[in-house]
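We just call them A, B, C and D in the order they show up, numbering each chain from 1.
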Amino acid sequence: MATRARTKIATRPPADTVGIVGAGSWGTTLAAHVAGAGHGTILWDVDPAVIREIHAKHTNSRSLPKVRLDRAIHATSDLGELASATSTLVLAVPSTAMRAVVTALGPHVRADHLVIHTAKGLEARQRRADDQIIRDETCCKRFGVLSGPNLAPEVLAQQPSATVIASRYPEVIETAQRFFVRPFFRVYGSTDVVGVEIGAAVKNVLSLAMGFVAGMGLGQNTRSLIVTRGLAEMIRIGVRMGADPATFNGIAGIGDLIGSGMSRESANFAVGELIAHGRKVEAAMREVGHFAEGVPTADALHTLLERAPVDAPLSRGVYQVLYQGAATSEVLESLMTRPPTMETNAHPTA
Amino acid sequence: MATRARTKIATRPPADTVGIVGAGSWGTTLAAHVAGAGHGTILWDVDPAVIREIHAKHTNSRSLPKVRLDRAIHATSDLGELASATSTLVLAVPSTAMRAVVTALGPHVRADHLVIHTAKGLEARQRRADDQIIRDETCCKRFGVLSGPNLAPEVLAQQPSATVIASRYPEVIETAQRFFVRPFFRVYGSTDVVGVEIGAAVKNVLSLAMGFVAGMGLGQNTRSLIVTRGLAEMIRIGVRMGADPATFNGIAGIGDLIGSGMSRESANFAVGELIAHGRKVEAAMREVGHFAEGVPTADALHTLLERAPVDAPLSRGVYQVLYQGAATSEVLESLMTRPPTMETNAHPTA
Amino acid sequence: MRALSPAEKEAVLIEVQSRVLAAKDALTERDPNFDLATVVNDALYHERRRLDTHRSSPTWKSDAAFWKGVSKRLSRASDRELRDILGSVIHRYLQEIIGNFDPKVYRVATKVIPYALSGLLNTMSPTRLLSGFDSLASLDDHLIVRGELDTISKLIEIGTVILVPTHLSNMDSPVIGYSLFKVGLPPFTYGAGLNLFTNPIIGYFMHNLGAYKVDRLKRDDLYKDTLKEYATYTLEMGIHNLFFPGGTRSRSGALERKLKLGLLGTGVLAYQNNLRNRKKKPKIFVVPCTLSYSLVLEAETLIEDSLKEAGKARYIITDDEFSKPGRILNFLRSLISLDSRIYVTFSEPLDPFGNRVLPDGTSVDHRGRPIDISRYVMSNGEVHPDEARDAEYTRELGDAVMRTFARDNTLLATHLLAAVLFQMCKERHPKLDLYRLLRESALQSEGFPLLEVHTRTERLLAKLKKLVKEEKVRYGEERLGWDAQAVVSEGLKLFGVYHTTPPATRRGDRVFPTDPGLLLYYSNRTLPYGL
Amino acid sequence: MRALSPAEKEAVLIEVQSRVLAAKDALTERDPNFDLATVVNDALYHERRRLDTHRSSPTWKSDAAFWKGVSKRLSRASDRELRDILGSVIHRYLQEIIGNFDPKVYRVATKVIPYALSGLLNTMSPTRLLSGFDSLASLDDHLIVRGELDTISKLIEIGTVILVPTHLSNMDSPVIGYSLFKVGLPPFTYGAGLNLFTNPIIGYFMHNLGAYKVDRLKRDDLYKDTLKEYATYTLEMGIHNLFFPGGTRSRSGALERKLKLGLLGTGVLAYQNNLRNRKKKPKIFVVPCTLSYSLVLEAETLIEDSLKEAGKARYIITDDEFSKPGRILNFLRSLISLDSRIYVTFSEPLDPFGNRVLPDGTSVDHRGRPIDISRYVMSNGEVHPDEARDAEYTRELGDAVMRTFARDNTLLATHLLAAVLFQMCKERHPKLDLYRLLRESALQSEGFPLLEVHTRTERLLAKLKKLVKEEKVRYGEERLGWDAQAVVSEGLKLFGVYHTTPPATRRGDRVFPTDPGLLLYYSNRTLPYGL
């Protein structure tokens, strides 16, 4: 499988060590964050070059150029080694790579591994959430999801931030809080795994819509209209999938939407803005230079909503723009011409 | 009292005519909005010069320079005339002038007048909401409140916007929708009058906090942390006052906070930013050139919270900065060092 | 009051039935998901449940047969048959509600009441049979009726009055009935619980007072609609009504904090119907009324029930003192022997929208300006029905009634002493929840120094004096003045004479909270004033 | 199974009582707001309510006296006395639960069962007394027991088994008991409702089957805790248990869609206790089991109840057929005379965490890799109790059980015909809600053309064939093959023989939905498959 990097693994007991799977910008940031608090940290990546660089130079120029990493971070490309030295694993891989990585991990993990994933969005092909992948491919049952408005550079800069760890297992919440809490970094617990996952997915799609609005030159009034309706839509979709509506009022819902979905630092927002200017989807992504997770998520969400119908005009509108050639202005107009209604007790009607 | 402007009043029946009280920028914008849809519109102001100018030149250079007003707008400074020609009144006066204007209106109104107010914030001296003032000073019972993320220039530019009319009387909601709905302007109904009023008040205070964060040079992560906690705090305060928590997920809660509280176009935000840079409150307001409603509201809210205790660290923090000389950095630090908790079912704990 | 002919009585039956049916028809038109079968099935379901669990009802057999018939006809009924069935259910409900109500008897009753009351007292105490009129006279001395009596006398001529009293005890209705008689006001009709009619004396008295029957065990909406429509129509007929707006007796001893708005809302409905029918005297006036007792007949049962509700499983209710004539007698004897008084205060009247009303019947706003109230129910110059609007007006009216209750409530020595002692219990156990507080307080053997009780009562009286001056509450112990020692000693005396376990007992120079639950009960009357 | 000595039986009482008490003590330590008085008061409250409303209980007098004593001791009990009272309540509960359960009798019962069953059949039909063994043999032919029988035989030796069947009818327990006997498996202990013991025949049978008593009218948490701890402990003793994880019989006729996780969670608890106590055979295996009947004894009552629950007031429950021996007899006679079968399918076993288990007792993950399951209950290498974690494991187990139910459910002609006909009713009245649909369908006089019923059944069979191939469901009419006409005719025949009103009736070339509620009931069995 992966080339074994011959370096010594931390000698701490597994219970005091976090294994981070994926040395992308967020995985590397998390490794730096955990190591910075003095916990044992092992970082795995499929790319042996990255592993070698971390060992040799304590940098990761592929994902976090210019950042100097803590020397205490151990790196490996051997999943067996990673699994045996830890009892907590954090999966920081993009949703597109999730299935492959977890399948490779399957033979190595034990029933006592706690697994935390951070990926956002719905797996495009199977439309199954990440926790279902863990269930399918490993024997692990105690898992959780970490999500929130956490831009990597701001976490590295130690700016005040908050995140949510959602799990049905209190042990997973406590463990995540033990590893991740720092004076500038708050970690809230939640038992609503589905809500946190849906929040992250819908947020990516709504960020595209926010980009459309900005690209059409519209101001604060329209933006807040989209956020409010977007929140209502997120709640409706979430409730349909079994989530607790209160989750969407929190860090992983409205917090994430505002924190990482309303500015050009979000790839989704930037891509949406260019699309409203008339660019094709692929051209927009090239120009922004980042992959927009919202693009496949809009497709996955659309499929999901066909099977479990929910009134979701914004998600449908984004899908129409991305996949059916609709103009952003048409979609906006169709939203505005619904008859006036009551804001219901549960949430505003859209 | 006011000088009588000798011009003919619209000959439409009162049921088809809106009386707007106060020719400030929002009152004048609403008059233009209603007249533009072809409804009878009478605009009252205490200042006879403004009335004369509207009649002579169809402009209001005091409040909306450069905007040309609809010729169909009738203006008057006679409250008796206004009351007898209408059965719907919209009070578009700042909260500081509310009591005086409503007291003057008292002798003229009838039991069948529908009264809609738009003022934001809590009356500083008495800490009573605007609807209580209407109850105290008039015989009118059918009233409502109009609130939402509506920047006047964007409404005049016909950008897509939404607002909420809250009333316990369906008739008031239907009437407001009849007068105000236009293709670019959605009017949602709500029965939660208290929620909409509290939302507007707390939003002004939170906008100051958002300004602090910007002024301290902090990024998206911190901003979203403040919004999420702010929403939770708004909900806690609202619920304590008898509001429906769902209101704060809507146009008048999170919508208004994001739409008119997160950019420098908001006087509160701009003043907060300057305070974080070290300016005194009055100096900041002078520099911004607008009165920040959040400043007296923070005081009124603080008094309210002393009588009805609610966990509201953000509102308390803003009060400490404005009135007790605390530094913005101190306040932020004290917020971050609370122990990690669960996001409860009701809302995130702060 | 004018008397109704038998034909007119029949007209009530027909009119109310047709109104309830018409309302259901309107709903059928408006809402495609609504159907009459649901209404009947709902009534059938609730009535069967009632019959299952309450087999001792005197009408059990006939009710069971009736509903069996309904069930049989229902299963394959056409829409038209459904409507007939519905009509027959409403009719049956109405017949029970109207009961023996006969306006002639009702009119005669006005003159019979004093004898009936005397009979009430005597029957319960056979040994006192011969001194009947004495005890009545004595009771009379102990009943203080005050307030806006002249205004109410005038309003009764100008329009129709709804009397809305606070509700503490099953004694309330006889006390109010007798108070009305005493000050020369006519009796009011009112809805009394079926259970009250089972006591033959009270039942007779109820009928003669003009009571109609309310079966609180009937839970279906159709019954509630029928009852409400019945009350509305009697108001339109000019019959003055009495409702207890709190619904039931206050369990906690506190003033009503939430009102049942259903019956209260009949005022705005009757007023609109009157306007539409161009009645000569369309106005409806709402008169709040507060009752104060030093001791409450059923205090023990009520507070137990209240604690059971709040704490769910912790307390279990036992019997009700009202079913024990001996208790009533004992209660009245205690009352009279100790020179204690019952206060009945008729408050300033309100209109159905919650505005104050002047003696000439004019409604005024907070600034005293007259209001043309017909405009409250108009849109574009027409009287216009609007259920949501009227519910809101009724909510405002309810708030105004509760404010009036607080203002005209009369505090007595027992309330003040209980407030002082319960506060002292709380301070001794600051961290316990209510249930453990009650348990611990009852167990403690030290008690409180009498001296401290005096000092605290003095402080409380000072605060109270200020509130009385500001007209925020009334004080009933003018006789004792503002003397703390007198108030404490009066309170202890009263506590000692009636309850099985006295709420508090003095032994030497110490006072013991012997029944902390009762202390809580009596002190709850002082809640709104922050004493 | 090993037999328990009387001393060991006493040990069960002591151990379970001390465990429940210890759990409450732990809660007292952890939560300052928790106190033992609340636990006792809660039990007192619920028991008094039960005694108030169910006076016919055979133990009424002794229960009432017991609780009166508790109430008396409670009012001024010290903390130590409270603990004693609590202990006595648990003890009383346990004595009732264990009842006549005697491991010796239990063991003997294994041999008695066939005679008992025969007795059951004969007692209900005195005229058949002499042909007892014939009808038993005949019943035997109609009972198809299949599935992972070998695996289960092995697992019974390796560890302790929890059998979790679907639940449709009060016939289920005798049917399962007899099935176990038939395939040579030992009987399982299980908790049967107290009401079942009132029927002397069934009651005797229950006891001998190893049933313990569950009083569903006892609603207090303490009782539930005691019951759960009892079940856990018997598992630890190696006694195989049977729970109906749906809690009660399916009202709608559908497969269980929500399981009661309380008893299911005893598996993970017993497993941990076994690990901690270093038992030789610590493993607990969970075996789902599905039952399929062409006709269900109580179908009419159950669907009525289901509709009543969903529609609240619209339907009223009447009697239960299980209390009528004539109905049972008639049912069995119909079953046998028509050559219809009852299918009992034992499914692939699961571990308490919801993983599949191989015949050698090894748990495997979705990819078939063996799992060291002891690590599921460990943190840092130690067995570590965690209530929330175990609740979650049990939820996963519940999901796995429900998936298994759907996969091993056996569909029969009556289910398929009902699905076809009910679908046709819905299409005829596409806009009606369920209640009006049922009413209208029963009233309609046209019926459906038999030809169309055949065509639609053919289409349904085609879909079903595919599902059966994919092992997503089972098909029970191999005898009839995939012939639509045969299935329709079999379904109509069965519908005609037992129910008071047949679900559907053929007249000439048309089929009439004569009882649409029953059609809904039988068609609900096909719900998970989107047929």
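Here is the rule we go by: a residue touches a chain if its C-beta (ideal position, glycine included) is under 8 Å from a C-beta of that chain, and two chains touch if they have at least 3 such contacts.
This is a predicted model, so every value here is computed, not measured.
Asker: Among all the other chains, which ones are in touch with both chain C and chain D?
Answerer: Correct list: empty, since no chain touches both.
Asker: By mean C-alpha position, what chain is farthest away from chain B?
Answerer: So the farthest one, by centre of C-alpha atoms, is D.
Asker: If you average the Cα atoms of chain A and of chain C to get two centres, how far apart are those centres in Å?
Answerer: Those two chain centres are 60 Å apart.
Asker: Taking the mean of the C-alpha atoms as each chain's centre, how many Å separate chain A from chain B?
Answerer: Taking the mean C-alpha position of each chain, the two centres sit 36 Å apart.
Asker: How many angstrom lie between the CA centroids of chain A and chain D, rounded to a whole number?
Answerer: So the centre of chain A lies 43 Å away from the centre of chain D.
Asker: Using the definition of touching given at the top, classify the network of chains in this structure as line, ring, star, complete or other.
Answerer: Contact pattern: a closed ring, each chain touching exactly two others.
Asker: Tell me, which parts of chain A touch chain D in their complex?
Answerer: Going through chain A, the ones touching chain D are 13, 15, 87, 106-107, 110-112, 135-139, 141-142, 168-171.
Asker: Within their complex, state which residues of chain D touch chain A.
Answerer: 353, 355, 365-367, 369, 371-376, 378-380, 386, 388-389, 392-393, 395-396
Asker: Quick one: in the complex, what on chain C touches chain D?
Answerer: Residues in contact with chain D: 33, 35, 37-38, 41-42, 44-46, 48, 53, 71, 76, 220, 312-314, 316, 433, 436, 439, 443.
Asker: Write out the stretch or stretches of chain B touching chain A in their complex.
Answerer: 149-151, 154-155, 159-162, 164, 173, 177, 181, 183-184, 186-191, 218-225, 227-228, 231-232, 235, 244, 246-247, 249-251, 254-256, 258-260, 262-263, 265, 332, 335-338, 340-349
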